[in-house]
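There are two complexes below, and they share chain A, which is joined by chain B in the first and by chain C in the second.
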Partner chain A sequence: MLLELAGLSASIEGVTVLRDIDLSVAESEIVGIVGRNGAGKTSTFRSVMGLQTIQGGSISFDGEDITERETHERKRLGIGFAPEDRRLISNLTARENIEMALWGTDDGTTSVDDRLAVVLEVFPDMDAFLDQPAGKLSGGQQQMVTVSRALVADPNLVMLDEPFEGLAPSIKRDLSESMSTVREDLGTSVLIAESQISQISDFVDRLYVIERGNIIAETDDPATVSDDEELMEVISGG
Partner chain B sequence: MYVLQQFLIDQLIIVLNGLSRASTLFLLGTGLSLVYGMLNFMNLAHAAFLPLGAYLSASLIRRTTGVVGDSLGFVGLFVVFLVVLLLVVPAIASMVGLVMEQALFEPLYDLEDDYHLLATFGIILMMEDSMKFVWGGQPVSATAPADLLGTFSIPGGTYPWWSILTILITAAIAGTLYYFLEATRLGRITLAMAEDKEIVSVSGIDTRSIHLKIFVISVGLAALGGALYLPGASITTGLSLEFVILAFAVLVIGGLGSLKGAIVASLIIGLVQAYGTYYIPQLALAAVFLLMAAVILVKPTGLFGEIDA
Partner chain C sequence: MSQDTRTGLVSEIKGSVTSSWGIGAALLAIGAFALPYLPGTSQFEVFLVAQILTFAIAGLAYNVLLGYTGLLSFGHAAFFGGSAYAIGLFAQYAGVSELLVLLPVGVLAAGTVAAIVGYVSVRHTKVYYALLMLALAQLLYVLTVKLYTVTGGTDGVPITAPTIAGVDYLAMWGYGGYLQGVLYYVILLAFVVTAVLLWTFMHSPFGLTLKTIRDSPERARAIGIPVYQYRWYASIVSGAFTGLAGAMYAFLNGHVTPGTVLHWSRSGELAFMTVLGGTGSFLGPVAGAGAFILIRSQAQQLTEYWHFVMGLVLFLVIVFEPEGIAGIVSRIRRRVRRWRKDRGDR
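Up next, the complex of A and B:
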């Protein structure tokens, strides 16, 4: 397995937000996590990136235990992360926001332009606003930059936290279509979180359902979740 | 005619005094602002690196003058003084700052803001007493660099070239800092960290290493402020406490984390103090705080209260 969480528990300011989570992502796999707001999706991602207090369990990446690793080291090992709310640096240009993911590991052997060209193949529209301040971009443009920042360093795994949130339908469609490009052309595994299963059910290989910090279902057939009224009620918060 | 001429000369001297004062405040306040911007850490003890720089300068200038003063000509001695004040003193102070960062400041970062203020104020007092222990409680001066440069004539008096040099050096440093933040990778990362440190870390950048570099630069700038301040004035204990209040005013008026704000606020405070000292000396300091209160009321984030270069 590329990423493996084993019995992972985590807390925020003493309050447990993840309980005994088991989750895995294989190479070239697209895995989804669905659950309502506050169910534990973001906490799972933040735990993988070392941004959450871990109470127990372990996180392995590419066969190495990274539970105690610093955040920047996890990224350098090959984990790209696009957080919810985009969180671009508003005073840097879109180009700088993306290239920032290369600055920490720039040893002179990687061509920044070459890497930028790769993400421009995934999001060709980005070429038009690369040199604009990120704070002045539209929501859809910002989302492209956020995902590009996570992808540009050629990670083995990219984690996308609610990437469809607040996007226009046409941009959602473009982003969905880019998932197969990410996997097939870049060879990158994807772990994607969503609160609406319909956003990701078409392209994920496997799906986890999370509720109150617990994984309550796992399936390689997302349709079974959509057909399960009880699970859908949990996901929708009804 | 004579009255008008005297008025204009007075204005020129007040403005030059204000710019000289602003130079010291900028060198102190900008580092405080950069570090606060990156870590949300209000390090009041930053102000103590200004007198540390001044005291170190006093010792080194006296030593230099004693050892090579007679053997070097004007140019040679002036170059030696510049090397000591611009490079050696900031370097020594930065090393002291680096050790203090790891031993005293770093354990405080995760605490609440109130603890930052209390603990770093305690560290100011500790540093003040340490400097008093090393250099004594009497006023210390070392005017050799200013004496070497001398003064230039203006109608009715003279003005020291050292103050002009201080203003020019500070202007060059402000320009360099602007270039650093706008055009270098480390500068861009510094701005990014001021806005969202976590995202910078997620992008694979070792934020702790970046922070240490900026901290060392900031301490060096504060010490440089002291080094440039010393030849024109004597220093004594308590200087940290005088300057910490003014540095805090620079941050509040200019806006936290803004270089542009630090430049403008230093200029405003320097000029307000210079005019206040000339016209109403009893209220010179009060005028600064009235101004600070007015800015807080009108624009609580300061004049340039957004993260920018």
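Up next, the complex of A and C:
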């Protein structure tokens, strides 16, 4: 397995946000986590990145226990992360925002321009606005920049936290299609979180359902989840 | 940095040079270069401007941490004084008086102190960082006072005028000729080198990374930036250049004591100058150093309660213009631009 979480538990200011989470992502696999807001999707990602203190369990990546590793070390090992709120720097250009992920981690083997060319293969439309300030881009364009920033350092795994949030339907479709490019052309595994199962059920290989910090279901046939009324009720928060 | 970004940087430099501000800066540079030989210029004015340039170096260096990295330090006296003392003690015990040897010794000493102090302190921020820096700097101050058999205690260390490339200008030209013809230009050169290098650093990915860390350490971490490592680098850069200022101070004053270079109030003055000039602007600390030295010089002549005047100035700046002199200048620029636009519309 590329990523393996075993018995992961975490709390924020005394409130438990993750309980005994077991989750895995294999090489070249696209895995989804679905759950309503506050279910624990973002906390799971933050724990994997080392941005969230965990109380128990372990995280291993590519066979190595990374539970005690610093965030930037996890990134160097090959984990890319596109956070939910995008976190772009508005007065820097899209190009600079993407290149930022390479600053301080450049091993000198691949040029910045070469790495940019690779992400442009995933998002060819980005070429038109690379030199515009990130603050002036539309939501969809900003999302492309955020995902590109997570991909530019050539990670083995990229984690996308609700990338479809607030995007126009056509942009959502383009972004969904780019997931197969990420997997097939870049050889990168994807762990993607969403609150609406319909956004990701078409392209994920496996799916986890998370509720109140617990993984309550796991399936390798994501299309069947929408037929399970009980599960759909939990996901929609109804 | 990509080709486009480099091209952008070149255009920015070209734009700056050809703008009215660039022309103003060029005139200022010519004035600074010609100052010792301008009619009516005395040793006092040359000394005063040399002092301003010295503290301008320290202010630019201090702002690497305060303005660009968001760390308020009350321990920069350790780098300033560490360098000055390294020069004084090295000259005394090794019998070396060559500037080209003493200067690297001072900068290296400050950089080393910054590397050690920074390594301990960069995991903390805000008041914890400020107090940790203060504590570590005071440790150096107390050590210097207590180890009086080595350091001269509160009497300090005399710094003889150095030779430059083996030439003893003081013996040749006397103090006036040495100050106006040599030392002033050494300090001016150190200032120009500092300004150019730090400007380049701060406009490179290194500087942009520091700004990202300053604005949101959490965001920087999420991108994968090693936050502590970058803060540490910034501490070393800031400390080494503050050490350069400390070295210039030592050569200019000819004597250093714990009270003048290592005391916490020296760190406070560097913070004062930087805030007075404006932390949001690269050249703000230069203006801050100039204003601070001139106001203090005038206040000292007017009253023995000059500390009160300085306190009042700091109070007024923080309350009415937190962006400092740079903030006032940019406000004037905006008004001039608006006035020109209004005139053009008519």
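Everything below uses one rule, namely that the second predicted complex is superposed on the first by the 238 of 238 C-alpha atoms of A that agree within 3 Å, B and C clash if a C-alpha of one lies under 4 Å from a C-alpha of the other, contacts with A are read in each partner's own complex, and residues count from 1 in each chain.
In this section, contacts are C-beta pairs under 8 Å (C-beta built on N, C-alpha and C of every residue); 3 or more make two chains touch, one makes a residue touch a chain.
Bear in mind that the values here come from a model prediction, so they are computed numbers and not experimental data.
Under the clash rule set out above, the superposition-derived model of chain A with chain B and chain C contains a clash between the two partners. Within the superposed three-chain model, A:Ser90 lies in touch with chain B and out of touch with chain C [touch as defined at top].
Of the two partner chains placed by the overlay, chain B and chain C both lie in contact with A:Trp103. After overlaying the two complexes on the shared chain, residue contacts for A:Asp131 are found with chain C alone; chain B is out of touch.
In the superposed pair of complexes, A:Leu116 makes contact with chain C only, with no contact to chain B. Set against each other, chain B and chain C differ in how many residues of chain A they touch, and the higher count belongs to C.
Of the two partner chains, neither chain B nor chain C is touched by A:Asp185. The intersection of chain A residues touching chain B with those touching chain C, taken from the two complexes, comprises 49, 51, 70-72, 75-76, 81, 83, 87, 89, 92, 96, 100-101, 103-105, 149, 153. Of all the residues in chain B, the ones that touch chain A in their complex are 185, 188-189, 191-192, 195-196, 198-207, 307-309. Residues 49, 51, 70-72, 75-76, 81, 83, 87-92, 96, 100-105, 149, 153 of chain A are the ones touching chain B in the complex.
Those residues of chain A whose C-beta lies close enough to touch chain C in the complex are 49-51, 70-72, 74-76, 80-81, 83, 87, 89, 92, 95-96, 99-101, 103-105, 112-113, 116, 130-131, 149, 153. Residues 1-5, 205-206, 208-209, 211-212, 215-216, 218-219, 221-227, 229-230 of chain C are the ones that touch chain A when the two sit in their complex.
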